[in-house]
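Heads up, the next two complexes both have chain A, just with different partners, chain B and then chain C.
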Partner chain A sequence: MKLEKGKIDGRQLMTLMAGFLFGSAVLIYPGQWAGNESWIAIWGGFVEGCILLLVYIALMSRFPGKNFVEIVKEVYGRFLGNLVALFFLAYLFHLGSLVGTNYHDFIKLTMLVQTPSSVILLFNSLVIVYAVRKGIEVIARCSEGMVVLLCVFYVIIFLMSCSQIEWTNFLPFFSAPLAKVLWATQMTGSFPYGEVVAFLMIFPAVNNLKEIQKRSLKALLLATLIFSIGSVQTIGVLGDTARLYVYPGFQSGRLINIANVFTRLEIVIGVNFLLMGFLKMSVLLYTTVLGIAQVFNLKSYKPLVLPVGFLMGLAALINFSTVSENIEFNNLVYPIYVLPFQLIIPLITLVVALVRKLPRNGGDSI
Partner chain B sequence: MIRYLAKLFNALAKRQRSPVKQSSVTKLDSGLTHNLKHIMDELGNGSDVVNRQFLIGRSAPVLAGVIFIDGLVDQEMINDNILQPLLRIELERPVDLDVLEKSFLAVGGLKRVETMETLVEGVLTGDTALLIDGQPSALLLSTKKWEQRGISEPDTEVIVKGARDGFTETLRTNTALLRRRIEHPALRFDTMKIGKKTRTEICVAYIQGVAEDKLVEEVKKRLRRIDTAGILSTESIDQFIDDAPFSPFATVGYTERPDVCAAKLMEGRVAIIVDGTPVVHTVPFLFWESFQSPDDYNFRLFYANTMRWIRYLAFFTSVLLPGVYVALSSYHQELIPTNLLISMAAATEGTPFPAVVEALGMGVVFEILREAGIRLPRPVGQAVSIVGALVIGEATVTAGLVGAPVVIVVALTAIASFLVPSQVESAAFLRVVFTCLAGVFGALGIINGLIFVYIHLASLRSFGVPFLAPVAPIVPADLKDVAVRVPIWMMWTRPKSIDSPDRIRQAMRIRPEVPEEGHDDDRS
Partner chain C sequence: MRKGWMVLAVLVCLLAGGCWDRQELDELALAFAAGLDYDMEQKQVKLITQVIRPGQMKSAESGGGSTGQGGQKASFILESQGKTVFEAVRKASFQISRRVNWTHNMVIIFGKGAVKAGVDKFLDFFVRDPEPRPHQHILVADGRMEEIFKFRPNLEKASAQTLEGMMKNAVMTSEIYPVTLQEFVNDLMSYSKAATAPVVAVIGEGKDQKLQLVGTAVFKREKCVGKIDPKETRGMLWVIGKVKSGIFSVPSKDYGEVGIEIIQASSKIQPKLDGKELTVRVDVKAICNIGEQQGGEDVSKPEKLFRFQKKLESEIKKEIEKAIKRSREMKADIFGIGEAFHRKYPKQWKSLEPEWEQHFPKVKFSLNVKAKLELIGESLRPLHAY
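And now, the complex of A and B:
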């Protein structure tokens, strides 16, 4: 029984994955912890992400046409499989709520200072619920235009802020201790690159399974290029002061001033974040409800969308009490917290599948 | 409770559908007087029904009769080509319909009918029925002619360069206008009648081999489903076959211009022509078609492209400008350049209402003025615009009821909305929604609203084609007429999203070539 009949093509997978990676990362640059060496962390994270992605694709291609929940059910049997699946889905749900937290933190801090968070999240949940009810095909279709738009915006903002960039801010090279850079690399590897583990739920919807690997790697590369542009802009414009701000990228956009006409362009970066945050949250909500429907053998995931969507919003509201708590969590806890979900479960599943020589029916792997 | 109601509703719907439509068939009688009386009864002895009886043949005269409806027929034709020849027949043997079918009648369209129903239906569409005593059948002679409006330029789609003719209310004229443009046998007009009482003739036009067969079948299937008493305009057909009846966006396109219609047919679309309306519908209709004016293809490349983009800009302005104004002036003042902010603050000083109320109120005032301007006769319409412009625009600002910026914003919005005529309806609705969202959530409201509309548009389909194609999903080949308008000679394929079986529109490499310099010398 197929719960999702929608099909997306290779290019849509690419834009959807890129948009997913941009998610909250266009605002909170990955690796920003490493100061002026964040670009090393970004490329290190990219390599880490590629390795993780290859594991996911190896797993997916052993079970073509099956998503992660179906795979673990087959690998571990029904009871254990459902348990692992629920564990995994809980992560996706939590990740969705974390994006929601970033989202409402950002809006509270920059746009609507007095509006209650619950109203913002309710409003936002409504949009996401609507998108998820329309299915993966529509989300993917939306992602194409949005990602193109984002890339254009990014390049324009970068060109506009060129006059503000102090190239000496990048010096000295390789000054940070190795441990710090490695930690920052794991930070970028876990957020955002490792989060593509959610796509294990989406890969089966791609109409040409052979394209997945190429397109996913392209998506990672595209995201990395954009992050690099962003980090060069942030470091170049703000230098060491970058660490004073919650959203350094946003701040660097604020400093743009061209002939007193193009000023205060941080709104463009804000728009980017709102678009990509929407994409990421819809993908996560979609994968969560799809997985839940499969675990409990429901006929459709649609009735779950509204309640789970609002629960996600609610969880976003109570995740952290302050923004600094959120940052602390991101810097110190998250890179370790995600290891079971991003690495251990997929890897063990792959190993078990190899050992048990699954799938049994000859395995028409691609 | 709800389930019970649903069950009840289903039962009702079934009961409505269940009686099999057994249209009673009455065979024609052989007695002429009986037949004529029956027909006259059927038509209710209407004063416009003309019934004439006469004798045919000298040696063995036979009683015959014609019935037609005055006003729907060409009287002259009936006199000269039907009655005159019949009255002059000098045959030895008695005349029957077989003979008449072959000779004497100088009429183009001729049909033998056996049943009362087809006969009456024919008479009602303007045919003349010819009956002969002693024969249980009749001839329907095509003598349609009625008063009609001449072909004139459509008021709603005026263009600068290009053809000036427009569709009219008569189906035949419209099909002829299309035939004149596409002189190929593959152009098909499949006709059906819809509406139990109005029996409106509806014509599905397409080019066989260019339009997908599946599409044509789908259009016909949807049209056949319509089971209603009357179709009076194309608009009501449009609402019966729409993909998304509860969407502010129409998924069925319309045009009053035969050249536009022909161009759409050439792209593999299907046109629906309804008798009685000069508006022809085309499907599938994609969002970006609203921005394509026939003039785009007539003007020089750069100008046409500029205008295309101005139209996109105008659409966004007409939807978003009041919302953006409200968001900026009430939430994000820091984004407005300081000088502008100061003059705006000076202009809105002392006005009693918040920006969102001003914008909504002035928007409503504008809609009222527009509606009044359309409905009123021309001379009075001018008075309305004077009242609108001077009294409401000028006086409200002077009296300090609303700020001057909001009047400027509403006026600009109003003018911008006229650049894209086929999206006026959706723009007017969305404008109000975005203004309200901006009033509550500021920029966040506008962005989330845009995402919402974008999802909605991306989820729509028009007869199987994604409504937002070729932008979502991206179809690179089709961007040639959406993102830019490339030179006509470069458009060598038909739109891929329409999925025509015949993709190639024209030869490649037909770029205009100029003979190289020096050829002039050969002339001497």
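And now, the complex of A and C:
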């Protein structure tokens, strides 16, 4: 029984995954923790992300045409499989709500100070619910345009702030303590790279399974390049003051001033985040409801979209009581918290499948 | 049904734009300048806000300088107090019918009390709040601050605009170094580098009043430790390579006073650590034109020009040496020499940094100034020769 009949092609998978990676990371650029060594953390995270992705793809290609919930059901049996699947889906749901939290934190801190978060999240959830009801094909098609737009915006913003970049801000190289850089690498590896684990639910929708590996790695590379540009811009323009701000990338956009004509361009960075946040939340809501429908053997995931979408918005509201709690969580807890979902469950599933020599009848679903 | 949804969507977009935070232009009062002072005894922040009347801003021709239509002044000032800057900012809004909006603020001026108490605590609001922009210029007031705010400029509508214009014109002499909030905060955060800000004062009485930038205030950490004059400021700018343009008057016996225009300048700071000895090699390159010559002996003949170049170089050197002398007196690293050492010797820097104040005056400077005279203007020989 197939719940999702939509098919996306390799190119759409690439843009969707890149957009997913950009998600909230275009704003809270990864590797901030490492100060002016953040580019090392970004590329370290990229390597980590590639390794994780290869694990996911190895798992996926053992069970072609099956998504993660179906895989764990086959590997662990009905009861244990469903339990593992629910555990995993809870993570996706929580991740979606975390993106929502970033979303309304950002809007409230920088633009709409007095608007209640609930209003921001209500409208946000409405759009996402609408997109997810239309299915994966529609989200993927959205991403095609949006990601191109983001890359163009990003490069333009970077070129505009080039004149402000002080290259000496990058010196001295390798001055941060190793432990700090390693922690920043793990932070980058877990956010955003490791989060592509959600795509284990989406890979079966790709019409040509052979393309997945190449296209996914390309998406990772594209995201890394954009993050690198972003971090060069932020460190170069802000220098030490990057440590001062909640959103250094946004602040570096504020400093653009070309002949007093092109000013206040930080809003472009804000719009980038809103677009990519939409993509990321849509993907996460979609994977969550699809998984729930499969666990409970429903005929369609559509009735679930509205309630789960609004629950996600509500969870975003109650995740943290203040912004600083969110930042603390991202810096200190999240890189450890995700390990079971991003690494341990997929890896153990792969190992168990290898040991049990699954699938037994040589991949019947090709 | 489908159409109904479309209409609803469009309506939401039109009516809910900006949500709770919508700001109508005719309900705002735009702040152009903020003056911050601190009362040590009462522990109160004193804020002066220069607010403009948008209606009066556009009538440019109607005479009287800072007055617009109906003889109303285009700007007025609000004075408020509070334990925090934020409190004072809100109290300023409380005195008028509109909310003071800070997105277009141009300058932040510190009074005597504020620089004595330490400026960083007053800047936190301007960094934290989403409204103020990082491009605002930082200034220090010499004398009474209200005079600067009440000053009525001849060309512009408000003194904030005059100050903003002066900052833009600073490159013409390079005797003033304008700093934005962003740059100032960056310097404040550095342990070794001393932050600087131009000093502004109102000179003269009554109708002859004028605003003038009289020097540069030097901050060690958050506290002002002294002032350097415009020439010393240029000496500092030579070293950090921020001289853009400017005029030199070089006196000499044969040529009379010669006016030299700086066209381009650059610098390179190379720190060297030799055991315990800190040396800095500063290479300054300047390209200049001859703009004027008052004496009769023609300076523009090649061999004389080359000899004159040497003289120019020593003049530039003198300016730099003056600045170095002042900075040593104040023990304030206005050149960012510490940062240069940090970049080149990150390991040794760890032991240098805590006592940088002691180390800095002992740093040996070796100055290499290369000046090049390029253009001589449209005359072949000085007018005085005839």
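Basically, the second predicted complex is superposed on the first by the 362 of 366 C-alpha atoms of A that agree within 3 Å, B and C clash if a C-alpha of one lies under 4 Å from a C-alpha of the other, contacts with A are read in each partner's own complex, and residues count from 1 in each chain.
The rule we apply is simple: a contact is a pair of C-beta atoms (placed from the backbone, for glycine too) under 8 Å apart; a residue touches a chain by one contact, two chains touch by 3 or more.
What you see is a predicted model, and the numbers here were worked out from it, not measured in a lab.
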Review point. Looking at the combined model built on chain A, do chain B and chain C fit side by side or clash?
Key: clash
Check your understanding: Between chain B (first) and chain C (second), which does A:L274 come into contact with in this model arrangement: first, second, both, or neither?
Key -> first
Review point. Given the touch rule stated above, what does A:N257 touch, chain B (first), chain C (second), both, or neither?
Key: second
Exercise for review: May I ask you to decide whether A:P307 touches chain B, chain C, both, or neither, giving the answer as first, second, both or neither?
Suggested key: neither
Point to revise | Partner chain in contact with A:T115 - chain B first, chain C second, else both or neither | key: both
Check your understanding: Does the superposition put A:V127 against chain B (first), chain C (second), both, or neither?
Key -> first
Practice item. Return first, second, both or neither, reflecting whether A:Q12 touches chain B, chain C, both chains, or no partner chain. Key: first
Practice item. Tell me which partner A:G145 touches in the superposition: chain B (first), chain C (second), both or neither. Key: first
Practice item. Please pick the stretch of chain B from 420-428, 438-446, 456-464 or 474-482 that overlaps chain C when the two structures are superposed. Key: 438-446
Exercise for review: Identify the overlap between the chain B-contacting and the chain C-contacting residues of chain A.
Suggested key: 111-112, 115, 120, 123, 263-264
Exercise for review: In the complex, go through chain A and note every residue touching chain C.
Suggested key: 109-116, 119-120, 123, 168, 171-172, 175, 238-241, 243-245, 251, 254-255, 257, 263-264
**Study point:** Residues of chain A that touch chain B when the two form their complex
**Key:** 9, 11-12, 107, 111-112, 115, 120, 123-124, 127, 130-131, 134-135, 138-142, 144-146, 148, 260-261, 263-264, 267, 270-271, 274-275, 278
**Study point:** Contact footprint of chain A on chain B as seen in their complex
**Key:** 331-332, 334-335, 337, 441-445, 447-448, 451-452, 454-456, 458-459, 466, 468, 471-474
Point to revise | chain C residues touching chain A - in the complex, by the definition given at the top | key: 12, 18-21, 127, 130, 133-135, 182, 185-186, 189-190, 339, 342-344, 346
